[in-house]
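Shared between the two complexes below is chain A, which pairs with chain B and chain C, respectively.
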Partner chain A sequence: MTSAPATPAITPAPKPAPNARFEFLLRLGDDRLVLGHRLAEWCGHGPILEEDIALSNVALDLLGQATMFLRLAGQAEGQGRDEDALAFFREALDFRNCQLAELPKGDFAFTIARQFLFDVYAVVTLDALSRSRDAEVAAVAAKSLKEAKYHVRHSGEWVLKLGDGTADSHARIQRAFDALWRYTPELFAADAIDAAMRDAGVGPDLPALRESWTALVRDVVHRATLTLPHDAPPIAGRNGRTGAHTEHLGHMLAEMQIVARSHPGATW
Partner chain B sequence: MVAGGLTGRATRDAVLAVLDAVMDPEVPVLSVRELGIVRDVGIDDAGAVTVTVTPTYSGCPAIQVIEQDILSALGQAGYRASVVTTYAPAWTTDWIEPAARAKLKAYGIAPPGVREDDGGLVQLMRRRAAVQCPYCDSYETEIRSEFGSTACKSVCWCRACRQPFEEFKAI
Partner chain C sequence: MSSTITNQELVREHPAASGAVAEQAAALPKDEWPLWEVFTQSEQGAPHEHAGSLHAVDAGQALQNARDVYARRGGVISLWVVPGGAITASTPGDAGPFFDPGADKAYRHPQFYKVPRGVRGV
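And then the complex of A and B:
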């Protein structure tokens, strides 16, 4: 007596391991692309001419850095996407920037506070990345670090001027730090991608960098006669690194991507 | 004039001579070689020239123009050329030689000073060495903004001759 042939077990096809290097490079590139675009919104609207030029200069550096990181990301993905394809033909869900970068630019104090928090983050992370075992990442990071040091001096000096300035400037930048602080834990919340890159000697140990970041930020904020909120509970659940964004990113991308999408492949 | 019949060394020198005449579009008194943008020139057996360049700043919008200018100058000189970009080592103003610094000053741009030792990750409110005014040589100057008309320049003011001027930032 023969039994019915056993139904072959349905084994789901193994999920392809996420391309950690691709994801890692997207995070670095998208932070700079999105924040660079937010800064560029000041072009023609700066409070004084020098600041208009300075914010646009910093925006340009960030877009240049984004170009380099996204180019490497496209190569890591291996699907033929270049930096422009990644910048202009992805949806908000596919962006991997921190939420801090995508918030609307607000007033000048808000822009400066956000920029300072990011610039210090950029300096501590790029410094670590400049010693990456990945030669391409190390080269881009070393170049970007030189620029980031100019950026942090610019935003840091403005934190001092606004904090230790008039009652109005003090109140405005204090309000900005109060509103922004809860977006900062995300910067150091390492997940499996970060762990894989750290173990490979490519990426930094993000949680370990948080202490030096906090010390640098606190020093300037206190000298500016400002205070930081006591705690910053991390954003619950998914964050920008895994594609969860505030409502603001989609609106920003609509404006940023419209020309490239309306005229794909156009040159001038 | 095709590279084929020449010796490697002579050909490389000839290519470098062509590049000496390619000026930076933003600072047209300096050639792309004097600025340190050209990092290497390679010539293969078939005479094809590869010029390796590095951007000054990541977002410098002039780099595409510079690449086009290099290709067009070499093309007009009869070379088949291509340009590749490198990021390591990162560009530094240390590569601008004294003769080129003198040209900058004569053009009205204060040449880059000595690159400061970082001495820490974040240095705020640093006390920089005074920038010398390219017009009257006074050190009675102040920096108005570290970000100027191009990524590579800061905006300064001379209290002695009461003139604004630009400084090539040390990086």
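And then the complex of A and C:
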């Protein structure tokens, strides 16, 4: 055995220390970019004209929030990428949105249930973020919080109407909550990035917000004569926050990014 | 940082398992939701002006739809929604007797009267 040449050890390139503020802002921006795009898929397909406008309106609010958070993310990264570069020239693996946001829009009940779960999450997190020690984050959060409060009103009213409505609408939205519930623990699963941001007074204490979120969600869901499934364990290991996504995100990004990639730098 | 948000400010009162929505849904016409007329106010003290109409199942939803359809681009500080059926309107047949007599009597207008020189504050 002594004659065998020593195999050179393959040492992986040292990982650069993650830029926590960049990652943190990407998560906030990507949730809104991806969900905003999913909602925008309803444009022209809403159940009635008024609701078509309402959904597109929420979508535009989310895209506006994404623009602000991704702009800050680009500045935090310091590599010269602006919000458009981050939105249109990253691959699925580089997105940091929660998986809840990327699921296909489904039927109207599924869209409403997903939106309600996210809207309440947005309200409790933005409320906390509006008191962030980071003045830029606090300003964007305060502006977004006003919009998010209206979003909850919109989706919450629909949860009540569909849940306490006809047998068909009740069954559809119950099915939606049942299918979506397993994607909710991810929203509050804090990792080292979240801990660092929390310790710096920049980000919220995510696990601590879960209780307020659950209470708000449960209240409306029960008033809608619906039930919440039992808590499912969080998705083990990597999740959307670290770039692990469902198969749906890639297809969505292909559609979302094609124009910007086919005509780089185009303006209209 | 924690959250102090309550549902009181988010989603309107709705008693649990009331069947209120189902009851309401059963009473609705099957093919179309009721029509509402929307009035918007642009600034404090200004009149609420008719902006248009929309469909909604109840007053709360009408108010939200009005916000999205007529106030989403700003410039509105207050909204009224009124059930379309609550408005009694004049008919084209009324036009002659209702409106023509007002058109040819200049003395109905304050501008008809000359104000003596020296009167201020008119």
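Of note:
Definition applied: the second predicted complex is superposed on the first by the 253 of 268 C-alpha atoms of A that agree within 3 Å, B and C clash if a C-alpha of one lies under 4 Å from a C-alpha of the other, contacts with A are read in each partner's own complex, and residues count from 1 in each chain.
Rule of thumb we're sticking to: a contact is a pair of C-beta atoms (placed from the backbone, for glycine too) under 8 Å apart; a residue touches a chain by one contact, two chains touch by 3 or more.
A quick note: this is a predicted structure, and the numbers were derived from the prediction, not measured.
After overlaying the two complexes on the shared chain, residue contacts for A:25 are found with neither chain B nor chain C. In the superposition on chain A, contact of A:160 is made with both chain B and chain C.
By the touch criterion defined above, A:187 lies against neither chain B nor chain C after alignment on the C-alpha atoms of chain A. Look at A:64: by the touch rule set out above, it reaches chain B but stays clear of chain C.
In the superposition on chain A, A:147 makes contact with chain B only, while chain C stays out of contact range. Within the superposed three-chain model, A:138 lies in touch with chain B and out of touch with chain C [touch as defined at top]. Looking at the shared chain after the overlay, A:128 reaches chain C, while chain B stays out of its contact range.
When both complexes are overlaid on chain A, the residue A:216 reaches chain B and chain C alike. Of the two partner chains placed by the overlay, chain B and chain C both lie in contact with A:53. On chain A, the surface touched by chain B in one complex and the surface touched by chain C in the other have residues 50-51, 53-54, 57, 120, 123-124, 127, 149-150, 152-154, 156-157, 160, 212, 216, 220 in common. Residues 48-51, 53-54, 57, 120, 123-125, 127-129, 131-132, 149-150, 152-154, 156-157, 160-161, 164-166, 198, 201, 203-205, 208-209, 212-213, 216, 219-220, 222-225 of chain A are the ones touching chain C in the complex. Interface residues of chain B, counted against chain A in their complex, comprise 55, 57-61, 86-91, 118, 121-126, 144-149, 151, 155, 169, 171.
Looking at the complex, you find that chain A touches chain B at residues 50-51, 53-54, 56-65, 67-68, 120, 123-124, 127, 135, 138-140, 142-144, 146-147, 149-150, 152-154, 156-157, 160, 212, 216, 220. Put simply, chain C touches chain A in their complex at residues 1-7, 9-12, 14-22, 25, 33, 54-57, 60-61, 64-65, 67-69, 72.
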